[in-house]
Structure formats: C-alpha cells, structure tokens
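Before anything else, here is the set of structures, which you'll find just below.
The two complexes that follow have chain A in common; it is paired with chain B in the first and with chain C in the second.
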Partner chain A sequence: MRSHMQNLIMALFLLSPLAVSDVAAESLLAGEEIARRINARNEGEVVSRFITMAMTDRSGTERVRETKSIRKYFGKEKRTIIFYLSPSNIKDTAFLTYDYPEADRDDDQWLYLPAARKVRRISASDRGDYFLGTDFTYEDIRKETKVGIEDYSWKTLGEETIDGHRCFLVEEIPVTDKMAKELGYSKVQSWIDAEIWMVRQAKYWDVAANPLKTLQVREITLIQDIWTAHQLSVENHKTGHKTVFTFKDVTYGQSVKDEMFTEDALRRGY
Partner chain B sequence: MSQAIDHGRAEQFFWWVTAHAKALVLAGVILIGSLAAFIPQLTMDTSADSFIAKDNPARVYRDQVRKVFGLSDPFVIAVINRGATGVFNPETLQLVQWLTDQVKTIPNVDPDRVMSLATENNIVGTADGMQVKKFFEPPPVTQSQADTIRAAIADFPLYQGSLVARDATATLVTAEVLDEMKNEATYQAFMSLVQEAPRLPGVELHVAGEGAISGYLFNYIDHDAKRINPVVAIVITIVLFIAFRTVRGMLLPNLVVLGTAAAAFGTMAAGGVPFYVITNGLLSILIGMAVAEPIHLLTHYYEVGRAHPHLTHQEMIVRTMSEVWKPLTMTILTTVVGFISLYASGGMPPMQYFGLFASIGIMGAWGYGLVFIPAALMLVRFKPSPVIKGDQAIDRYGQLVTALGRFAIHRPRLILSVALVVAVLGTIGAFRLIIEEAMIENFQHDEPIYRADTVINQVMDGTNYLDIVVETPTGEGLFNPDALHRIEALQRFVETLPGVGGTTSVVDYVKQMNRSINENRKEAYRIPDNRDLVAQLFLLYSASSDPTDFQQEIDYDYRRANIRTSVKTSHYVNNRAVIERVERYLHEQFNTNEIVGHVSGRVNVNHHWLETIASTHFVSEGIALVISWLMASWLFRSLGAGLFTLVPVFASVLLVYGIMGFGGIWLAVGTSMFAAIATGLAIDFGQHTTQRIRELMRSGTGTFEERMVHFFPSTGRALFFNFLAMSLGFGTLMISAVPPLIRFGSLVAVAMAVSFLASITVMPALATMFRPRFLGFATSDQEAAQAVQLNPVLSVSTMKEGR
Partner chain C sequence: MARSYTACGILALAGWLIAASALAESTPDETKSSQSSNHRFSAVLESEAAYGMARDRADKLEMLLEPQWEYRWSDDTRITGIARLYTEGFDHLEPGRLSQGEVAPNSRRLQLGDRTDIELREFYMRTRLWGMHLTLGKQQVVWGKADGLKLLDVVNPQNFREFILDNFDDSRIPLWTVNAEVPVGGGNLQLLWIPDRTYHRLPQAGATFAFSSPLIVPQAPPGVTVNLRPLERPHNIMMDSDVGMRFSKFWHGWDLTVNYLYHFADFPVLFQSVLLTPSGATVTVNPRYERNHLIGGSLSNAFGNLTVRGEAIYNTDQFVLTTNRRDGDGVIKSGEMAYVLGLDWSGIQDTMLSVQLFQSWLLHPGDGMVRDPLDTMTTVLLRRHFLNETLETEVIWLQSVNQGDGLVRPKVSYELRDNLKIWTGFDLFYGDRKGLFGQFDRNDRLVIGMEMGL
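And then the complex of A and B:
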C-alpha cells in the first residue's frame, strides 16, 4: 500500500507543470528506476485463475484451451500448476513447474498425460523457449508482469499515451550478446503505465534486429488491491501467429495447500 | 522511272519519306531514346515459378500448400567431411556452430528459422521422463563428446538423411529467408561467408538450395547477357562489313538493331513484364534478325544504283524501297508468325513473352527498315558498294552460291535424295525426342552451385521436394491412429520409388514422442493406439518448441498433414514416373472417405509445366506452319507455291529433329522454342527464292538454268548473308554460360544453315525436276513454242567472261 501511495505521489509530481516544461527530458524517470517500480508492485503470494489460451495461426485457424492455473510462492521459489480443462482430448493433462530463485539452477517441470497415465519429467526449458505452444517465452511467463532488471540496460526514451494512460517508453537492450541469445531478443521497447507501473504494451526485436512480436496488456483492474491484467495478447510479426490469454475469476491469497504442487496432484487433476 | 514501279501508293509513301528525311531520322532517334528510357525499370525473375502461369492449378494448389504449411525455398550450406569420423569430430562440429551463428546474422535470413546440428533438439526418453536438449551446446571439444552426438543422431531417425547424411559424411545448415525477392544479395552473403569460414583439412563447404539457385541464376544470366550481347553486335558488324564494305552498310543496320531492341525491351519494361532466364537470348536473336532486312534492302539499293546510275539518289531510294517493301514486309510477317505462335500456344510465360517481345522487336525492325533507312540514306550521297557490282562481276560469295546452285540444278536427283533421307531421319528423330528438363541444368557443370547440388544430392536424401498433402474431413482428424497408419504405409511405399531419398511427416514425430515417454524403448517407436494420447503428445512436444514448429508437417487444426518427400533429382523423366506411381497408389490404396491425398510441391509443379513443353512445342509449330503456308499461298496466289515456299522450313526443322533425336538433345524449355522460330525464319528463305524464281520465269529469258544464273549472285548471295547474319546472331549464344541458351542458339543456327542450303539447292532442284506451273513454268507445248523465240541475253558463259 505504501508503494502505491509513493507511486501516486510520484505520478502527481510528474503531472505537475514542472514536468511538462522544457526540463521534461531531464526529469524523465531513469529506466532502471522504472524497472524497479514495476518489480516492486505487489502480485500476491498465491493466485488462482482460469486462463483461456487462444492461439491463432497466420491463416486464422484458432486453437482454444481452457485451463485452471494456480501459482504460489514458497519463499522466493515459485510453483505453478496448470490443469487443462478442454478440449476433451487433452482434458486432465496437467503441467507443473518449480521456478527456483537461484540463477544457475534449472527449473523442474512435469507433465501428466492422462491417456498414458504417466507423469513425465520434462527437461528444463531455456528462457527463450516458447511456452506450451504460445507466443510467450518461458521467461515471459516466469516474470508474469514483472521484468528482469539485471538482464537489460534500461533507457527511458520519453512519454506516450497508451489506451488513454500516460506511459513511459523505455528501451531495454540485453546486457550482453549472450544474454540476447538466451532471451531471444536484441531489443525490447516497453510502454509502462506511469501510475500503476504495469507494462501496457511492449515490442520485441529478434537477435538479428528484425521486428519479432508485440505484446498488449489490457483490462487492468484492481482485484483485492492488486493491479491485475485480464488480457494479454501477443502477435508474432514473422510467423503471423497470435496468442491471447484471457484471465477469469482471479483470486489472490486463497488458501492453497502445498500438496497442490506435487506429482500426485497432477494425477488427481482439478 | 516511275513506269517501272507498279506500287503507286507505296511509291508515294517513299517519296514522302525521302522528302522528310531529316525530320524522320530525328523522330526515329527520339523514339529509340524514349523507349530505351523505360529499360532501367526492367525487373528480373529467375525463379523456378516463373516458368508456370500464376493460375495453373498445380501452382495455385502448391501456393495454398506453401501457405498452410509455411514452406519456403531454403538456402543450404553443406558441410562435407569424408574422413574417418565424418562430420562427427570436434573441429567440424565447431565449424557447424560457427556457420550457424554467422548465418543468423546474414541480412534477410530469419534467425529463428536457421536449422543445423547446432540448433536442433534431441528428444530422448529417460527413466522418469523426457529430455529435450540441443544435440550440443556448446560444441564438443573431445572426440568422445562428438561420438556421443553421433550416437544420438543414429538413434533419431528424423534427422537422418535430412539434417545429417546417413553415412555421416555431411550435415546441413539450412536457413529460411524473410523476403525471397532479395535472394540474390542473400546468395552473395552466403558465398562470402563460406569464403571467410575457417579452413579445415578435408572439409568442403557448398552453398545450394532452391533459394540459392534462383539467387545465383539472377546474377549468372545478367553477367552472361553483358558478355554475349557486345560479341553479337561486333560479329554482325563484321558480317555487314564483308557484305557491303561501306560505312552506311554497317551503320544503318546497327541503327535498325537499336530500334528493334528499344521496341522490344522498352515495351517489356513499360508493360511490367520481367526479364526471365530465356529472355537473355532475345537480344542476340533480335540483332541477328534485325539486320536481315537491311541486308536485303541495301543489297537491292546498291544493285539499283549500279544498274541505273542516271537516277537521282532520291529516285534510287524510292525505286529500291518500292521494289523491296512488299517481300520484306512478307518476310517480316512470316517471322512474326513464328514468334507469335509461341505466344499463342499458351505455354509457359517466359516462352510466351519471348514470342511476344520478339514479335514487337521485329515489327520495330520493319518500321525502322522501311522508314528510317530510306530517310537516313537521303542524308548522304550515293556511293556504290565496292563489293556489289551487279550481274557482270560476281564476288567470291556470289560464286560460291552460284556453284552450289548450279550443282543442284545439274544433279537434282542427288539433291532430292539427300533431302528425302534428311526428311526420313528427321521424322524418326522427332519420334525419339526426349522431353527432359531440370532447373539446375541452367548452370554449367563446373559452376559451384551445380557441384554443390550434385554433392548434396549424393550424400543427403535430396534437395527436391515432392509434397503429398493428406486431408481428413474434420478438425483433429489426424489424431486418429488409423489415419496415421495409412500415412506411414504411404511413406514406406514412396521411399521405394526411384530417386526418392526419404520422407518426413508428422507420423515420424508422433513415433519419436511416443518412444520418449516410454523410457526410450525402441519398440515404442510406433503410432500409439489411443487418439487422445496423440493429442497429448503434441501438447507434450509444445512444452519445448516454437508455436510454429510443426507447421511444415501439420496444419493448425490437425486436419491436413504434409508428407515431405526428398528426391535426389530434379529431372522431369524420373520425377514424372514417381508422381504417376504416387498418384496411382493414392487412388488405388490410400484414399477413403476419411482421408484423401494430393500431390504438390516443387517437383509436382515442375512436372506440370514441363508436361506442357511437348504440347506447346507441337501446337506452336503447327500454328506457325499453317499460318506461314497460308500467307505464302496468299502472297503467291497459289497453295502449291505456298507449299513450295515451306521447303526450307521442312528441311531445317526435320534436320534439327534428327540431330536432337539421335544426338540425345532434350526437348526442354530453350530447345523447344527452336521449331516455331526456325519456321518463321526459314520461310523467309523460301519466300525470297520463290519470289525471285517467279520473277525470273516471268521477265527473264532462256532455259530455267539460264534464268537462274541471275538468281544465285543476287538473291542467292543476299540469302547467304542473311543466313550468315542470323546463324552468327543465334550462334553467338554458343558462347553463353547458360546451357539451354547454348543448345537453343546452336539448333537455330543449324536450322538457318539448312534453310539457306535448301533454298539454293533443294528448291531449284525441285523446280528443275517438277517444273511446276505456279513458278511460271509453261506446259510442255508452250515451252516447245517458246524455245524457238528465245534469245538469251545472258548465259552461264557470258557470266564467266565477266569475272
């Protein structure tokens, strides 16, 4: 709550005539500071929600998957379980991931295949790998609406308005070529809401600097005092592939047992 | 003088032309300039697709298939190491990594669609799960690490033959591009990269792939055109010098060439028609043809000047033009017929446009010949040609032609027997013609791209793709194990066909994934029996893949799948057999209400347009023959004379068929154009000969042989230079680096030689033997009566004295 107040004060300050005068450029908030504010935002210790994953290929054919997803922090470790509810041929398939805070420790991932009645451990994915047939990378999913401060060098380019909201336009360049290769991006530009410190739009360029994809974050509302996006859409400009995540019945702080994040839970289903 | 000329209106026209000489010359130059101004807009299209019409059903279907499955023509670098460990040693694999990293930085390459051993994942089942890991990252540093990678590939059937040679001697780095229009620059970047790559003993690097072929062909033909065209121009100018030995004799035909080229290429550019591979031969051919008309015209001009020195220069020009315009127009029209019939036959677009723009060019030559030349001649004073001296003095070329002609008239049976043998052999040859073509044959065999293609097709499964698209009626129909089993059986069948190196389909992935969830047991490398499990395996795979990873194998709603068949050759004859057998299998054993297969892919599209070669060839030749015959018949007001005029056509076309049939020269894109073009050109020889024989029979005196004495040194000599100019024009294509153009040029050059020989030997021999009335021969009664009255002015003996 405190940070929320701070943000508000900061926003009011930025909106003051001083900010829009000719010293505006100098008074722009530094990129890294913006990144810190994004990451300082509360995202709840536990979140449970229905996610509709709609993927569309370049010809307009759509695959829609209904899922139930629960995420819980165990200290700094983050565990997520996703149950597939439809279509019927993948119903009860479930995906479990343990995301460890240590940079050098690989994630653990399991998938339950009901047709084979088997839980299979899947080798860790690279950060730049795509997540379950969507246009989000594992890194995008892991960070949710947060950002990797230390992965990029941050530069504020200016202010623009997105969907009627004042945003900072920030450019992020991976700190090294190796990092760029790992993330799959050579550059990112993000439009960050100057009041609630959420990314409202982002553009990505591939490692050879070709335009790669655009992210739009929509329907941001306060749920249990936490700013929550209800629609994330990504369009890949090279493949024409699109993904839209629509969130429903988002609840924070629900009591979720630790046993929910085990192989047995995968088999039991939702 | 005007009473000698019976072309009233034509004569008036040429008086007008010669009276406005300066203005017309200026207008002619301005017209060349303004047409030429369009030429820089010309675009080039060297793609294999340019040979097939955009609305051809095979192409339309293939384009749909490409869109559905996101297929494109890749660039390929082959890394070849024939050493003991093949490519599986640390140095070679480090090179693969280096090449992969560098290829990703090439402009226009999609870095996310670069595939090599350094980018691909190995999917392995473990005791409790599945491991999806790159074959290596970073590249190995010890031989035992490299051996592990070799073992992993050996256990992963999908990549054998497609990514790594089955004998481990080669591996590929393939790259898809973002914009295929930039293939040329991309090819250059690939070539530079291969040059810069670290050299390893025993390792060869080759750049190939469909993208590379079209990219390089662009550069190749551009370079070729720049080399050939000046040679043609020089050779023709030398011919003109020998023929006339005057400045205007060399200069004016070259100006007609400029007008011709400006007309053809200016309208091509203005019409937005691209420059295709075979368009490269157009300029040389136009140069050869554009000078034929001025040769006849100037020969006549110098003859008129010699024979009538009392005329003013303007009168000489008007008389020349009034006498030659009609036969020249007719020869131009018959030549246009040959080219237009290529256009009308509805074959492949490059050939159609070749015919169309050659026709436009020739019409330009006609216009410049009949207007620009007389106007330009008016600007100078008459100066006789030192080599054209009239009938009294015959130069060596005239003598040569006369000797040939006299031999024919004296030995008509021998000449006709030889002609008959040629005709019979030619007809047999036509039945032995092989229709064959391959895109790669556009390059000479020592070109790097040709060698790369050969090597890659030797060691890998093949770089030519035949796609078999299978379709089910409803979405997710391909989760059905029955459908997958049918696809598997189809793949096993296709793999038995000649030239087929291997096949890949989604079934291979399903089997690999099924094995990976079953602790990697070999017996689990099979299609699961449970429909839902198939769906879940796809979800499993997506846990570590791009959303579009399977797009080349299966469409987004799992209704259609693509079986990619790698074929080692692009040759039509082989691939026709493959396609026919696949289609029969689909029809007889595969198709049901639940699943249907169709053939597509580059190999199938090529098959369809190559199939049109035979029909286009014989249809265009048929059109050319019929129209030429009708035109000649109309000109001479006799169907018999029309047929007689076709003698050089039959002789040349049949002889060339004989050479092709017995010499194993393919009827391919380039060579198939020869017949219609040769017909249009050969009939000119027939027409000049028929016209002159009839004139001599009407106005001359003496026996046929005595009258023909006038024919050989004038018309015969002009025909000789006509043949020489055209043969050299077409023959210069022999120095081209594009093999189809070489064959096309040589065949037309041969056809010109045969046409010339037929027009001065076979035609006079036929006339001697059969004495047809349409040539002006009298019936035997009339002849007997006439013989008494004849008082020959010239005879062979007087001609000899004049030497």
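And then the complex of A and C:
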C-alpha cells in the first residue's frame, strides 16, 4: 500500500512538473511581485455601484449612508466620484479624486458640501485622514482593492488560509517615516488570495506601532468576468468603531461620460 | 418677562430635541431615500433657538421644515422641488407682516400670520440637450471659492434676517433662472439668464439685526426730517434681467474660473436730496437698484498640506454713502477692485486651519466717503473633528482691520444619531457701533439647535 502511494505521488510529480514548479515559485514570490499582481488584476475600465456605508461606534449606535460611486480609468489615471444619496441631512455631499500613476505626483481631490453649495479642494496629504467619518482613509478609498506599491517595502512572510482560500501573508512597511505619517500606518500585514490576487484580510498598525485596525474583504464573486468584493469591513481597535461597505448593483463597462469626473459634475450631483 | 420667554424657549427646544431624538431613532428604513424608485422624497427638519445675552431675552425660536421631492425622468433628466415651512416663535427677526418689497411677486413667501410662512425654495428641471446641461427654474447658483466672504457669490441675493449668522444655504434666496452649461475647450461654460428681479432682504427698523451702521444707513443730523420714498424696483422682465457667464477649467492642477455678471446690485442705493424750507430741512431718500458689471475670476490648488484659494473681481459701479454736504445725491459712484486670498492648512489629522485676507479698493474715491478707499478684512477658521466626525468643534473669527470690529463664533456640533445633529455655540460681536460688526455689539447670543433628516 505504502509502495503504491509512493508510486502514485512519484507519478503525479513526474506528470505535472510545471504545476509543481508554479506552486514552488509562487510560494517564493517576492512581496513586491505580489503587489504588482494585485495591481495588475483586471478591475474594469469603468465601474458603477451603490455602496451602503454602515458605521457603528463602541456603544452600538449605527449611522448608515447610501452612496453612488463611479470609477473610470483615463489611461493609467483613475478617477472616482462618490455621491451621497441619504440620509437627507448629508444628501448631495460628493467626493471626487484623480489618482495619478506617477509616484511623485500628488493626487487631486475635491469635496462638495451641500451646506455651502461649494466645491472645496482638499489637500492630497490628507490621504491618511479618515474619509467622512468612516474607518477607511482617503487613501484606502482611492486605492479600493489595489495597493500603493511605491509607498511600502514589501516582504512575503508565508502562506495562510483565509475562509478556505490559500493566501500569501505579506508585510508592508512604509518606505520612510514621512510616508508612514502621511498614510497613518507604520506597518500593514495583508493576506492576499493566491488565485485571484485580491486582499482578503489586512491588519494595520498606527505610527506608534500599536494595533490600529483590521480589514476584512468578503463576498468576492465574479461579475462580468471581474473579481468583485461585495463587502469591506474595517474594525478600529483603538476606538471600537466599525465600518462596513456593502456594494450593490455593481456594473462594469457602462458608458460614463468623461465630464462626470469634473468639479462641475460634483456640484450638479447624481 | 424676558426671562420667562427665555425659559419657555429653552424648555420648548429641549422638549423638541427629546422628541426629535426619539423620532430619529424610530425612523424606519422605508422612509429613507430609495434608489430603485423614480421618485425620491426626503425632508430636513431644523430648529434653532438663540438667547440674546446683552438684551437678556430669547432672540429666536425658529423651526424650518424643508421637504424635497425629486423625480428622475431618465438618466439625464430630473425634476427637483424644495419647499420650506418657516416659523419663528418670538417674531424679533422679521417683526410683523413682511413687506417683501425687494422680492419679485412670483418669488414671494406665502405668509400665514406674522410668525409663519411657506416658500417654494427651489423648483427646477435639470436635463441634457444638444450636449448642454440645462437647469431651468428656481435655483441657487453659487460662484467662488471664499468662505463667508462674498465677492463672486453674488448671483443670488441674501436674506439678512440674521445678518451673516444664518448659514448661506438658508439665507441665499433662490432665483428663477435659465442655467446652461456647455462643454467648451476642455472646460465648462455656464451661461445664466435671470429674469427674477429679487434682491437682498434687509431687516426693517425694529428687527434684531436692523442695520444702523453709518457705513450702510445715512445718518440724519438732529432736527432734520427724513422722508423715505418707496423702493424703486426694476420693472421690465426682459430689459432688467441679470445675465452671467462663467468659464471653468482644470488646468495643470489649478481650478480656474473666469466670471462675468451684468446685474442689478442687490443692495439699493440710497440717493438723497435735501430740501430747505422755513420749517427746517428735509432729506428725501430715494432707494433705487443700480446696474453693475462684475468681472472676475477664481482659483484653487493644493500643495502638500496647504490648499490655496482665491477670488478677484472688478465692479464697475459701486455706490458709497458720503457725508459731504456739497454732494448732490449723497452717494459717490466708483469702480471697485477686490480680492480674497485663502490658505487652508491641514497638517494635523482631522484639523483644518483656514485664514483669509480680503481687500477692496475704491478706484474713484470722493470727499466725505463713509468708508476708507482701501478696506481690509481677515478671517480665521479653526475646525477639528473627533469621534469619526460625529463631534465637530470650530471657531470662526472675522475682523475688520479698518474699523477694528469683528465677530467670533465658537461652535460645537454632535451627530447624535444617524440623521440627527445638535449644536451649540456663541455669536459674539465686538467693536465700535459704527462698524459693520460693531453695530450688533448688543446682539451677542447663545445658540442651540438641531437638524434632523427625515
């Protein structure tokens, strides 16, 4: 029996050398290569979806915002616009960002506040600030399920399983102290699905090296042949505050006019 | 008596807050906006009370209900209607029946007694036609980048019921407007035609915030009779319309606009004539709206932690009161150049420090003008958020450099529930009573309020 098993294993080994060497190569994948594969994942040129943002504080009080978000690539430049639909006292608030591919170029961001009926330019170095009361930073919102390769040094720590999926565990350290302050993190550990190259879980440490928050990415399904996360949840361990983004009606490839991503479109609303 | 009014006001607001909190908590999900229906209905209920500290009386107890209805005809076409029910418990801000002389007949509020009125705030259709964005109907058009200072934000007039203390969205008066936006040369060209001849609502004598500064109101010497003539309003819907244009473009990281507005300035010019009779002198004041060309532009950009904002304008026809007795009509006409430069610094998380410098030059100053040819004002805003932006603290300080007067507004607001915000703060005026802010030195007040989304 033992000899039969050994023969079988040997046969499998001989018959599938490519597959085995792939696994071996992947297990040795450098962190930076994993980051590149995350960013190389197809996320569609245009995506449109409704996002429910549920925020719960330590005492259990929940705040819910309904939003519409549209993102479009202009070459390698990514533009995202988010319109708030409810509740009625913050309805029509809108956020626009231009995310440039050049590492040395600050992103451009605008915020429309209906109480003032004016579009306000936001400084790009606010990217470590929390986005409109959520536990996601402006940078998290801009990157969505992608990563800032140049912002961190990447190191693969090993493999682990998350929700039954084989994942690489990668550690990311901001390249400079200044970058750490800008991002608000001194370290990030990400669990990246080895099949679909999407982060399934991430842990963040603040600039003082204290545990800060945990991100979980759930309900990942294929939509129009694009892997799509339908739930992102973040729990802040320092404040006990939690944010859950739930995505609905996700559509790729919809025709969206370029003028949708302008200051004037923010003002006109959705 | 005043104290009992105050106590009643505070008790009423406290009761209302408790009731609103319970209502906000029990608001079912079905009442929230739905994306699936073509109709969207929402409403905002706002209540604010103010206690006048120097007068030792309750200055206001107001309630605003703003229902909003939106019908989405297609992806490109929608109709929006916003109404407002306004009621004020003490009738100090707009005492008695409103004359509404500054307001065009089809834009007036429907008065239900002295303390309550209903207004159609906005009603417009937004659509796309031949590549243009068209917004037709009663609406607000807001230009400019400055906070709290209005150089370019003059398309719509303002209700000065609470001087500049009311938030601009509430105090700005929407106008019936044809608003076309055309993509041109990688930018956006906005064209405006405004047949609505509605101008600033100015508080009448006896109102809490009635103007008294000699910068705005001519001062009659003792013993001189003043004869105030009725307001002369432009009357031709075509010839007396306002027209405007704004071209905006994002250029190498800069948000740039060029603006032009041919309009009736929203403050009436108080022309004066003196008649000497054996029984004494009589000054007749003829308030009349005058045309002005406004040419200007704005810019903004971000550099690291710093955001730069600016506006500059040239007004062809500004009218300034004069005390020169040899002047024929009591006003001097001059061109005006003005700018505001603002810097927002956000180097500390959840914190913003914003400073602005405003200067205005009169190009043709005359003898006896009540204001200096160069007028300078500064503003400082410090704002910090806590607890995931549920708690906001801020202080705003406006200072007139020429007059030495100003206004300080510390405020704390807290998002008590998903759709319920409460706040409290002070509005503190200081300086000489001849100044724009100093005239309200006795109007310092403590404010508490709430806003609830329905």
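What we mean here is this: the second predicted complex is superposed on the first by the 213 of 270 C-alpha atoms of A that agree within 3 Å, B and C clash if a C-alpha of one lies under 4 Å from a C-alpha of the other, contacts with A are read in each partner's own complex, and residues count from 1 in each chain.
Here is the rule we use: a residue touches a chain if its C-beta (ideal position, glycine included) is under 8 Å from a C-beta of that chain, and two chains touch if they have at least 3 such contacts.
What you see is a predicted model; the values in this text were computed from it and never measured.
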item	value
Touched partner set for A:S86, first chain B, second chain C, both or neither	second
Which of chain B and chain C A:L111 touches, first, second, both or neither	first
Partner chain(s) touched by A:V207 [first = chain B, second = chain C, both, neither]	first
First (chain B), second (chain C), both or neither touched by A:S255	neither
Partner chain in contact with A:G133 - chain B first, chain C second, else both or neither	both
Set intersection of chain A contacts, chain C complex versus chain B complex	55, 57, 61-63, 87-90, 109-110, 114-116, 118-123, 125, 129-130, 132-135, 184, 239, 241
Residues on chain B engaged by chain A in the complex (per definition of touch)	67-68, 70, 104-105, 107, 109-112, 126, 128-133, 178, 476, 479, 517, 528, 530-533, 535-537, 539-540, 542-548, 551, 555-557
Interface residues, chain A side, partner chain C - complex	50, 55, 57, 61-64, 66, 68, 85-91, 106, 108-110, 114-126, 128-130, 132-135, 184, 239, 241, 249, 259, 262-264, 267-268
In the complex, chain C residues that touch chain A	32-33, 35, 40, 42-44, 68, 126, 133, 135, 140, 142, 144-145, 147, 167-169, 172, 181, 183, 188, 190, 248, 250, 253, 255, 300-307, 309, 344, 346-347, 349-350, 385, 387-390, 415, 417-419, 421, 451-454
Chain A residues within the chain B interface of the complex	55, 57-59, 61-63, 84, 87-90, 93, 95, 109-111, 113-116, 118-123, 125, 129-130, 132-135, 184, 206-208, 210, 236, 238-239, 241, 243
